[in-house]
Every structure is written in C-alpha cells, then in structure tokens.
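Letters are used for the chains, namely A, B, C and D, taken in the order the chains are written, and counting of residues starts over at 1 for each.
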Amino acid sequence: MSEGRPRSQTIAVIGAGIAGVTAAVEVAETGYDVVLLEKGPSLGGRVTRLNRYFPKLCHPTCGLEINYRRIKENPRLKVITMAEVQGVSGSRGNYSLTVKTRPRYVNANCTACGACSEVAETEVTDPFNYGLSRVKAAYLPHEHAFPMRFVVAPEVIGTPEAEKIKAACKYGAVDLDEVEETFELSAGAVIWATGWRPYDAAKIEVYGYKDCPDIINNVELERLANHDGPTGGRILRPSDGEPAKKVAFIQCAGSRDINHLPYCSMICCLASLKHAAYLREQYADAEVDIYYIDIRAHDKMSAFYDRIRNDPQVNFIKSKPGHIVAGEDGRPLVCGERTIEREIYRNPYDLVVLATGMVPSLGANFTAPADLEKDEYGFVLPSVADDGGQFSAGVASGPIDVALSTQSATAAALKAIQAVRAG
Amino acid sequence: MSVALPAEAERTYDLNFARWVYRNVNGGDKLSLCMQCGVCSGSCPIGTQMDYGPRKLFMMIRAGMKEEVLSSNTMWNCTSCYRCVVRCPRGVPVTYILQDLASKAVEFGYAKKEDNTRFSKAFWWSAKTFGRTDERLVTAKYYFSFGLVEGIRKGLGNLKIALGMIKAGRMHLGASHGVKDRKGLQAILKKAAEIEAREATES
Amino acid sequence: MSGADQKTPGGKTKFTYYPGCSSQGSGKHLDESLRAIAPKIGIELEELDDWNCCGASVGHIGGGVLPNTALTGRNLANAQKQGPQDVVTGCAACYLNTHAGNEKIKSDVKMRRRVNEALSAADLSYDEDLQVRHMCEVIVNDVGVEKIREQVTNPLTGLKVAGYVGCQTVRPFASTDGGGQYDTYEDPKFLDDFAEACGAEAVPFDPKTSCCGGSVSVMSPDRTLHLIKEILQAAKDAEADVISTPCPLCQTNVEMYQDAINKKFGTDFNIPVVFYSQLMAVAFGMDPHKDASLQRNTIRSKKMEDMGKK
Amino acid sequence: MDRKPGVYLCEGCGIAEAVSVDDLEQVASGELKVPACKRHAAFCSEEGVALIAKDIESGEVNQPIIVACSPRVMTDRFTFPDAQVIRANLREQVIWTQPPGEEDTQALAADNLRMAVAQAKNSDPPVPHGEGGASRKLLVVGGGVSGLTAAREAARMGVEVILVEKGSALGGWARKWSRTIPHRPPYRDPQPNGIGDLIAAVEADPAVTVMTGALVTRTAGGPGDFTVTLSQGGKETSERVGAIVVATGWRGYDIARHEYLGYGTSPDIVTDIEFEELLANGGIKRKSDGAVPSNLAFIIPGDSERMPYSSGVSDRVAIKQALQVIEAVPDAMVYVIYEDLRAHGTAEEFYRQGQEAGIIFQKGRVKSVAADLTVTLDDDLLGQEVPLSGLDMVVLSTGMVPNSTNVDLSPAEEGADQLADDIDPAAPVKVARGNGEDEAEAAETSGNGAAENGAAEEGGEPALPGGPILNLQYRQGPHLPILAHGFADSHFICFPYETRRSGIYTCGPVRRAMTIADSQQDAQGAVLKAIQAMRAADASTALHPRVGDLSFPEFGLDICTKCRRCTVECPFGAIDEQDDGYPVLNATRCRRCGTCMGACPVRTISFKNYSAQMVADMIKAVEVPDEFEEKPRILVFACENDAYPALDMAGINRHRISPYIRIVPVRCLGSVTMLWISTALECGYDGVMLMGCKTGDDYQCHFVKGSGIAQERMAKVGETLKSLALEEERVQVEEVSIADSGRVAELLNSFAGKIDEIGLNPFKGF
C-alpha cells in the first residue's frame, strides 16, 4: 500500500457511543493521540437516549458528563462529528481511513444561543426520539448534546426558511453552503466502536408493531420514560396519551430466533426489568407482565432480578407469545400459551413493549478488513492476533451491556496503543 | 411401516422413546432443539382443543411418555396451518412432526377412533385406488366409516352442501376420475411400502 | 414486504401445469379460470401428463412418508419427461406437498434413492432439478403485477375485496429462497395487489392468513366453525362484497359452511368467496361463466356477474 | 504570583439584551475595582479569544474572569496557558432562567460576577505536589489467567512486572483444566484454554519477574511509589512499584451448605469444579467404582442457593461439561436442570449445540438429591414432580467465591478490628464524629438503609474470612473495599475499574464472576488503568474522576487538632496518620474531591484553587437585601458533575427558576463545610440547599460517599439551627441527578416558596 509513508502513532476510534468515547478517553489519557469519529451530530450514541442504566438505575449522562469533561480538557483527543468511515486500508501502523462528512450546516462559531431555532418554522422528525416527536428544523440534538452545537435539518436547505435561519445567527455559524466531503485520515491503529441499532420490530410481523400504536419497542420506551423525551418522562399510551398502567413486555422479540437474530442480545431481559421498575415508580397501581423464555440476569444482575421479582405487581410469564393483535377496543391483545400452567391466553394491555435485541451497526454486509475477524452476525471480534492493528469495542464486538462495553473499550485502547508502539 | 417402538420406559426421562422419535419421525431430528418457549401452542388456531399442544407434547417425548404421546389428541387437531413452523425460533418443523406422529399413532394402533384416522384412511384409499382423490367418494367413505346409520346421519347433515356443490358442478355423480396408469402407480406405492418395511426390520 | 411491486418480472413463460385433484371437484372454477387467464398474462400451461394425487398431508397419515413422497416422485418423473420447465400448481395443498417433496428428494440423497427405487416399479425415475412453484408466486415473480394491470379492460371499480390468503399458499415457503421469496407469512400483500391491479378495492382485512380449519373443517366442522366465522365477520365488518382467495380448500370451507355458521352463531353471512383468477378473468373482460366460472360459486356474487355482463 | 484579575463581560447570546452590561461593568470596575474590564459581543469568537489572549500575553491579566456562558461550554476556547480562568455563568443560569430586563435578573447577574471575582481573589494556580520519578514497575498479584494476561500485556507496553503467585505454579485453575467455553465463532464447541502457551510466554518474558510460592505481606505508599514487601520461602524482599493489579481469582462455593443437594452423601455427587478436573484428566469415571457413567444430571441450583454472581459463568459450564460427556460417551443420557438458562449473548449458539448433541434441558427446581442419586425435581414444563432415577452421576454447579481475602491467613492483627467494617458493602459511608472519640464508636453508617440490606449483616458474621491480600498500611485498613458478595468490583457502570484504592486495580473473577476470555479482556483493561495511574503519579495529576487536576489538599498542621475526621472520611483512604496523630496526605492516592476539607472543623485543609475561605468569600460577595426589601436569598451548593449540569440544562430548556437563588458549584458535596452554612446564615441568606448525588446501595456519587457524608453532616445542622431559633427547613439536602433538569427548577421554586412561608432569616442585617 503506502509502504513509504511514515508510521502513524494516532489511533482512530470509529463511533462515539459509550464504548468509543471510553476507548478514546483511555487512549488520550495514556498519552497517545486519538481521533474520535462520530456519524451523528453529537456524542454518546445509544446510551444518551437511555433514561437509566440497569441495575443501579443511574443516568447515563452522569458518566458521559465526566467523559466529556475529559475530552474538553485533553488536547490529544480530537472529535469529528457528522463523519462516517467509508473504508479502511493499510496495515498496522499505517492505516488510511476514508472519511465522509455530512453537512451540519452549522460551523464551530455556533454558541448554541438558539436564535436560529426561534425563527425556524418547519418541524422535522426528531431522530433523537426515534421519531416519536418532532423538532424545529434548526435544533440542538438534545439538552446534553456534546458538542453543544446546533444542526440545521437538510429538509429546509434550499428554502427561504434556511436563509431566515442563517440571518438569525449573529455569529456567522449557519453555513448553508456546507457539502458532503471526503478526506483521508492516517492512523496507526483503529478501534471499531460502531455500536448497534435495535432490531426492526416490524420484521416480527406477528407482534403487530406496525399495526398498533400501543405496541412499541424497548428503546422507544426509554424515550417515553426520559424526562427530555416526547412525553416529558411520563409513560403514556401513544394512541391516546393515557397513562400506561397495564403493560406487557415481550422478551426475545427477534432475539434467540433463527428467523430473526439467532443470538441472545443479553441486555433485553435486564432492560425490561428496569422498565418494570420505571412503571412501578410512576404508577402505584401499575401492573406489569413480562413474557419470557429465560430471564437471563447474568452475574450481579441476579440481585436486580430478585428485587423486581419480589414485587407482587410484576408477573413473570414463561411464554413466547404467538401473536399480538389489536382487540375489539383497539387495545393490544397478547396471545399465546402459558407454558408452566399450560393455558392458552388472550391478555389485553394498555401498552405492549417489544424487548427487541441489538443488531451490530456494521451489519452482515460489512466487509471486515483483512486483520479483523467477523462472525456471521456482523460482530467484529476482539482481536487476539499479535500483529493486528484493528480492534473492536462495545456492541460492535458482541451483544454486551454497558459495563462490559466500557471494559472492552478499555482493553481495546490498550491493544491499540500496543499496536502503535510496535508500529 | 416403521421401526418398532421402544419398550415401555421404566423411569421418567428415559430417552429411548425420544431417540426413537428423533430417528423415525419425519422432522424429529430437529426436535431436540425445542426450547419450550410455547410459541407453537400459542399460535395454534384450535390449540384450546388440544390436550397438550405441541410444546408440551415435545417435552413429554423427552420425558419418555410414549403412551400419553401416541394417545394424545394434539396431532389430530392440527389444521396444517404451518404457523408454528414459520414462527418456531428454533426451526423445529412442528406441523410435519405432528403429522408423522399421527401416522405413527395410527400405525401402532393408538388412534383407531380419531375422525382424522378415518378420513385419512378414506383419502389414502382413493389415492391408492384411483391415483386421485375423489372428494365425493372420500367423503362418503369417511362418513360410512362411522357405521351405516351414523354415516347416513352425518351425510344428511351435509346434504344441502352436497346438493349445492352438485348444482355448481363441483361434485360429480359419475364414475371416478383416475390416472391412466393405475397399475404403475399402485406398483410404486407397493414398492415404497416394501422399502419402508424392509428398512424398519433392518434397523 | 411485498415482492409484487419491487421485483422485475423473471419472465418465464412456459410451465408444466399440475391441476391437482380439486380441479375435478370442488376447485373446478380455480382450474377453469386459471387456464382462461393464462394466455392473457403471457404464460403457457401445459398439463402434467397423467398426474396423480399429491398425497397432501392427510395422505401421509394414511400412507406413510415414503409412499406419500413417491406420489410426488411419480408426478415429477412425468414432469421431467415433459421438459425442464418449472412445475406450477394453483392448489395450496398440492403446492405445499409437491414442493416439500421435491425439495426433500433433491436435498436428501437417501430419500432420492428410495423414491427412485419405488418409481422403478413403474419404470420411472426422477433425477432432474425441477422447480415446483405456486401460481401466485409465478404471477408475482415472473409475470409481474404490472402485466395484470395492462390486461384489465373491465376494471372492477367499486368492488370491495377482502383478500383471504389462508395458510398454505404462503406457509411455510413464501419467504424462503425455494419458495421464491415472494411475500411474507403473516402479512402478505400479493393478493391485495392482484385485486387492486384488477381495479377493485382491497379492503383492510386482518385475518388474511388465519386458518379456515383446513381438512379438520372437512372432517369435524364443529371444531373449526368459529375460525371461519371470524374470517367472515372481518370481511363483513370491512364491508367486502367478496372474499378473494387463492386456495381451493379455503374457498370451499369459507363458502360452504356459511349456513351452518349462521345456524350455530345466529349470524347472517352470505358472502361470495371467489378465486383471484376469477377476479382477473372478469377484469380482463372475459366471459363471466365460461372463463371466470362464476356459476360454480354456491354463493354467487351478483356484483361480479353484473360487472362481467358489461 | 501576583493575582491579576481581568473581567471579560460577554454581550453575546442575548446577555446584553437581558441585563445591563453597563451596570455589570460598573460593578466590576467601580464596586469591585477590578483593574481590567472588557466587553465584547462574543468572547468565544476568534476576535474575543484573541482579546483575552493579548491581555494575558502582555502580562496585564493572569486571572481572566469570563462572564459569559457556563463553564461547561467553550472550555477548549477559554483555556489559556499561564492563566487561571474563572468563569461566571450568566447565560445558562441567569438569562435563560430569568425574565429579561428585570431588577432581580440584574441582581442575580451582578452577584454571579461578584462571586467569580471573590473566587479569583482566593485562587492560585495549582502547583504539582511531586517532582516526577514515579515508579513504572507493575505488581501483579495472582498467577492465574487474569494475572498472567495482565503481566504479559503490561510487558508489551514496556512496563516491568513482578508477578506474585501464592501457589507453587502459575496457571491457577486453568492449569488443571483443558477446555473452556467458546468465545469465538462458530461459538459451538469447547475450545482449548491456551493456558500452557500463556504460562510459557510469561515465563519467557524478560520484563516479567515471576515469584511463585510468594505473598505480599505489606503494601505502603501510593501510586507511583508503592513499597511492597514480598515474602517467598520465608525470605522478605522489598520492592518499589508504581501500580498494582490484583488478580487473585476465585474459589468454589461450599455447596454442602445446602443439604438437600446431597453433596457428601455419595462419592458420585460431585461439584462442577471436581468434574472439570475429571474431564481434564483423561476420563469421566465415577469416584465410587471407576465405572464410566452413562446417566448424568447437571444441576444448576437457583441463585439464592449459591453465589448470585455466578450465573455469568456456571450455566455455560454445565452445557460445556454435558457436551464433553456426550463427546466421550455418545450414548449417555445427560440432563441439565435449570431455572433460567443463562446462555446469554452468542452462547445461545452453544446452547443449541448442546441440544443438538442430545442434552436434555429441564426447567425446574430440584427438591432433593438422594444418596442413591435420585434427583427429585418440580418439573415446570411437565407440570409435575419428577423423580429422575437411574442416574450414575450428579454434578452440582457451585459458584465462584472471589478471593478478596487470603483465606489461608488468619485476619491480620494490624487493623483486624476494621475487617468487617472495611469490607462490608453495606457500609459505604463512614463518618467520624469528632475529636478524640474512639474510632470504633465513631464509625457509623449512613442512614440510607444500606445497613439493613447488607448481605454481610446476616448472621452477624464478617462477610469474608481470611487475611488481607495486600495488607495495605493505610489508615483505613489493610483490605481492598468490596461490594456485594465479596467481589472487589467497581460500583460504576461507566467506569468498571474504579476502586477506592487509587492505583490498585482488580481484574478477573475477583471482580466479577467471569469466563477465561472475559478475564483476559478484563486484565487488559486493568493494565491500561494501572499504566495511567503511574503516569498520573509521575505528573502529579489526579486520577478519575478529576483526571489531570494538579490541585491537592494542603494541611495547615499549625492549628490541626488531630481530630482525625479527614483520615476517617476520605473515601479513598488517601490520608494516613503519623505517629504523632497528625494527618499526612498520600497525594497520589488523593482524588481531589475535598471531602477532607469539608470534614475539617478548623478549616485548615485547602486547595490552591478551592478552599473554605474561597467559598465563604463567594458567599459573602453576594449582596443580600435587607429585611425590608422582602427578597430572600437562597444559597445552593451544587455537585459540579451532576446537579450543576442539571441546572445548566434547566436553562437550556428555559425553565423559570426563582431569581433569589445563588449557586455555588462544589467538587463534591463531601467538601461542603459547616462553615459555609453558618456563613450563609450569618450573612442573612434565608435558606441553603445542598444538591448532591444519590446515596445508599446504588450510590451515584463519583467520590463514593461524599454525598452521603454531606447528608450525615447536615442531619446534625438541624439541632444547631434549632438552638439558634432558626427553622430546620432552612437547610435542605436533596439528591439530584444530572437528568433532573426539570426537577431542579421545581425543587428550587418550591424551596423558595417554603422560605416565603417560613419568613425571612431573622438574623438578616446583623
């Protein structure tokens, strides 16, 4: 490839979710240069959109705040948002990443004063809330956005409204001429922390996700429960805005299923236990039914499971439902067999939450570079080879929870540093 | 003809019957993958009319409950809608297994009185005799398998339907259609049965 | 995902046609209307010579796995003689049994050997790689829905159609590679696409892949009448003029038990149940009786017959 | 160094429209007499930054006081070498929460400016506490998979390693075993554990000194400068190391404690550990008669019957062992009895492999295992009680008990009395009451119910037996603090390696039950943290969470009363006591939270840029209206990591907050000293609110117990207030999370309402 090129000591981290942020911070704090590339307009990835973590029920933004402060204070760490990696070539010590940046239409002059948003009229789907709400076409991605910088939605580009938005900015921060750009980035090692997306619940046709507004998935529930989500943190039925008090959780919605995701996504059981806790905290009379095959509360999570299990208003029903349909009153009806009691049921709920699993963002179509090993699901395995220079962290490396993601990110940081040291 | 059933199990979870099912029942080789999630029984259109439902039936197979399994009404209530097959997260071909369990129940004398036994026997008689299914004769044969009086009663119950069908030209009164080469067809079926019998004794 | 409007037609035009036993009885109107529309949509159906019963699922219970598969083997051995073109059938049960049998013979060496041993008793053999397909899948993948639209001279404007797909037309093969990946198991769109292409209105119809009880309905309707009732009720609620279906057994079950259901549940259903091919024949401006065989429906659709007279 | 403050009043983001910048300038130049005061339309612009930089370069200013947005934003732009930047938050916490143009808004802005100037007047740039020269040598304790991996990975980073193993050989459990749970595709078959190669690589590595049959008998010092005493074959040596990785692994849980499982009643009822050894040693044979078993049941008891952490591993171990049985004895009838089969992640594939191989999985609860090996279970899926007879071997899943202590040792004499307390997870907060009190009595737990729930409390026995692993020569005892079930885990989901003993990192099953593959990854992470700790020690900077902070607490021993509060309350055990009773800081252990400062009754502990005096002056800087104006003032101490950002976000969301609130960010609530409360009340403030993180079992305080300590201290304020005839409600402690941007506004407004009800502080104006 580029044999003559000097070896790079910089480490590129692809994806700025909790794993990417952790890996980048750990690299920088060990005294190495790092470039953190994020596809979206702000950092934090999936966890920013979570209300709380299991099992402590603490808030993801708390740890992110610490990490962001570390980023702000560390000159070795450079963040590039709106940047997607198109390809990686080269070998250890000598990689070249092709990076494409999408326009944000807002440059670094932005002070986040919000004047642009005040004049914007068009509302666009809010990607941060998984489309559950709408947001002005000039917007701050969310209250904890880092970098704290606005975005102008591509939908209004080329309209008079865009010019109005531009005119509203006193600091010359709105740049409507921004275009997609591609550049090459040299790195001595690469950490893939590209994370995951929720499995498309619509693909599980029998669970009615498309057909009934009161059948939602688990990441959407996180937004409903979050204080800065579309309902201000109240868990309400999307259909009529009434409190969701009788709620079913359907475990393994997609996971552990050869027709969908053959693997267990590991986090969904715990997520539903956590959601049961949200509901029970919000509504004293909430009743929660969790339909499951196995509750996989791994290691210390079993204490959390016990805690939720001891709540008489949370029921555990060992059953994978056959189908979920809209009942005569429009409420979702969960149908199936209670396996332990051997009873056929048709149970109505205010809200049904599909505990969908995690799909690696890289996906099955991702062509792994030569020094990376990928499994058939699209997870990029943590490297074991001694001469590799590309590593994976977080859910890019397998279906794992946040604690394991940060653990894997710290390990990946070490391996990447070793790679650039070895050159 | 199938490989002989294993002897009565002396203890619960004797795996000999399960292994017999794995090896001799169509689709049985996938049965061990069942993780008892219940999606099959929960998806069944007339699952409420089943004594066990496929999921529990499969657990009973593992538990070695040969008599209960082969005497079950579960397979006779299968409408062959294949929902369980396409929904099973483990790819267990539930419908096929139930169909072949039904066949085995007939073969080993567990299901003499099932409606379905009578019907499938009538059906097979037509297929075997004419090479094609004659709906009128199959239906008649099925009704009369309950005995003359019961057969007439059942038949009369559906007389209106039959008359409607005749009127619409969808039920004929003449001689049965059939394949031209009946002899060849019967030879094939005879040979197939021979092969099965031969294999059953070999194993 | 509906394959209908996303795929470019595969373009196969010649098929070996396996009508199946119901074509000589309860499903005569499917057979007749299919043969009528075939040239219009540019496909040639050459009848399988001396075809026999597929054995269906109940046949297996009566006969056993190998004799049952041997029935399929005989049909395929005869089809092989007629040429390498795909075998197509309009009957869901024939498709399911023949397709499954074919796949098993092709993929399982032992099964192929055993079937051929049985076939040898009639000096037949099957060793080619034929494809067994459903007519609906052929229309989606090879003909293309656009072609139907092109042939419509008598659009069924104002006809409300509840598309009742039933089970075996889509399960368990519609989403498999062998089954042509032409639609989904639980929420298929092709039947509605067919109706809309004919100019009719496809009404929302939830139980499109609910079970009519299949052969259990034939043997023991008492166990399954409630299933058929739900189908009829949904069609009635959607104010459908007709229920359309691709499956001969569904057509018969849903049509012939309406009296019994009315008696048992105190309802007053009287909804015609027609084949999609009958819809097409009328929409193509063909003869409502000779081609669309509307007279063979025991509950007749006056609306369709009136449309056909135009 | 002379302090040269300069005020930079930003007019951007609507500040100039909402408040009078002229008036602010008057406050800065006229009232406060700050020599330099400049204005700009946007100081964050290139031009604005250049303006400040020019003043700094010219030597005119070395303390730029930037009166603009929150210190949480524009940090990179407002960083100037050789200058100490002070920020006054006029945007998020003034104009975004207040109506523009109002008198109260102006007063709030002016007060924020006054506080910033007071802060500058009490603040100097920190100077490093050390001069480098930190040790770059790593001590790894434990020679199993985790320890070996840690040693190898550290050596690859160019770090010299001493690997200490208690036993006579390296390799731990893995050396006795052969195959492990698959962690690479296709995730189907048990795979070799690779221990032989790992041992060989470590032994051949010139950077690693291996000491087997050795113990750490003493550890003193701190990161960058630990002095460890190693004992091998009766001989003691001393080594200086920069950081320590503890990888002491695990031992089996005593399953015999549950009689119904029948362990001990038959030689053919064995644990999974014993069975693993059988598998590795060439054959599955019954202990009773040497026969090869063909009917085996693997029992995974419920978590309540063993170590709850174990499910991370043991269910997969049962599948693995059952698979190995079938591999060896193809006709065997093998059963796995479980309640929830935790084959999570890609191990689902392994579960399928087990099923395909013919393992029968039974969901149910075992009721008894008889000496004749009959297992009776409530079979959930058959819906009946089932006797499983005819078995010729029963394998019980045990659990992994962490080696957080060395069970071969009796509790250390030194500090033995602290054992139970120190390793008791239910007691995260320890508070000393006061001067000269006996420590044992002085120690008490926070009032958050943690004590009631603690596992260690049951039966009143200490959580773990044995002596300390490192025998830390720390004021707070010889042990590494532990969490539930004795695991030396981090309590933080985001920061898995944070322990309460700086520079000492745990990895592998001592931290959490984990597989071999996970342990190896964990060891890599721990090594990186250890290397960072050594670097930080060398640079005199802090570790997590105030990474890079050069400030550290200084102790004015002249007025120290030797009350020992600081040494007891430090969440990280950073402060020891000298023989004469005076506190001595181990600066590299210190995390700079200021809890010691908050604890000190004589206010003699301070940082260069954070002190009791500084905040007291900030409190005093606020103009408190006299009682006739009827405008209360409420002081808020806000944790800078959670409550302060939440207050910022309240502004971002434009929530309205009472204009009477004055906010002081604090490093941690633990640093809040009683002086500040009394100063506030003396100055005429009408109420004080402390906003800190959640305490208790699920504490969220990143300084572990600062928030809890603050609650404890404030619990006693009530009495003091009462004695002054002041209402207790005037001082409130609230647990506030970073996600409370909506709630903080409500909290403050309702507190303002309550103050209104109670009435103004009667001491106003005195």
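Following the convention adopted for this analysis, a residue touches a chain if its C-beta (ideal position, glycine included) is under 8 Å from a C-beta of that chain, and two chains touch if they have at least 3 such contacts.
This is a predicted model, so every value here is computed, not measured.
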item	value
Nearest-to-centre chain - CA centroid comparison	A
Of B-C and B-D, whichever chain pair has more C-beta contact pairs	B-C
Most distant chain from chain C by Cα centroid	D
Distance between chain centroids, defined by C-alpha means - chain A, chain D (Å)	25
Distance from chain D to chain B - Cα centre to Cα centre, in angstrom	64
Computed distance of Cα centres, chain C from chain A, in Å	44
Touching two or more other chains - residues of chain A	206, 256, 318, 323, 339, 342
Touching two or more other chains - residues of chain C	185-186
Multi-chain contact residues (two or more partners), chain D	363, 381, 383
Chain B contact footprint on chain C (complex, rising order)	21-22, 24-29, 50-53, 55-67, 69-71, 73-74, 96, 114-115, 117-124, 167-168, 171-172, 175, 185-186, 210-220, 223-224, 227, 252, 256-257, 259, 295-298
Chain B residues within the chain A interface of the complex	35-44, 47-48, 52-53, 55-56, 83, 86-87, 89-91
Complex interface listing, chain D residues touching chain B	333, 335, 351-352, 355-356, 358, 360-363, 379, 381-383, 386-390
Contacting residues of chain A [partner chain D, same complex]	18, 22, 26, 29-31, 51-53, 55-67, 69-70, 72-74, 109, 111-113, 115, 140, 143-144, 148, 170-171, 226-228, 232-233, 255-256, 262-266, 294-300, 302-303, 306, 318, 339-342, 373, 375-377, 379, 381-382, 384, 398-400, 402-404, 406-408, 410-411, 413-415, 417-418, 421
Of all residues in chain A, those that touch chain B in their complex	206, 252, 256-260, 293, 318-323, 335-339, 342, 344
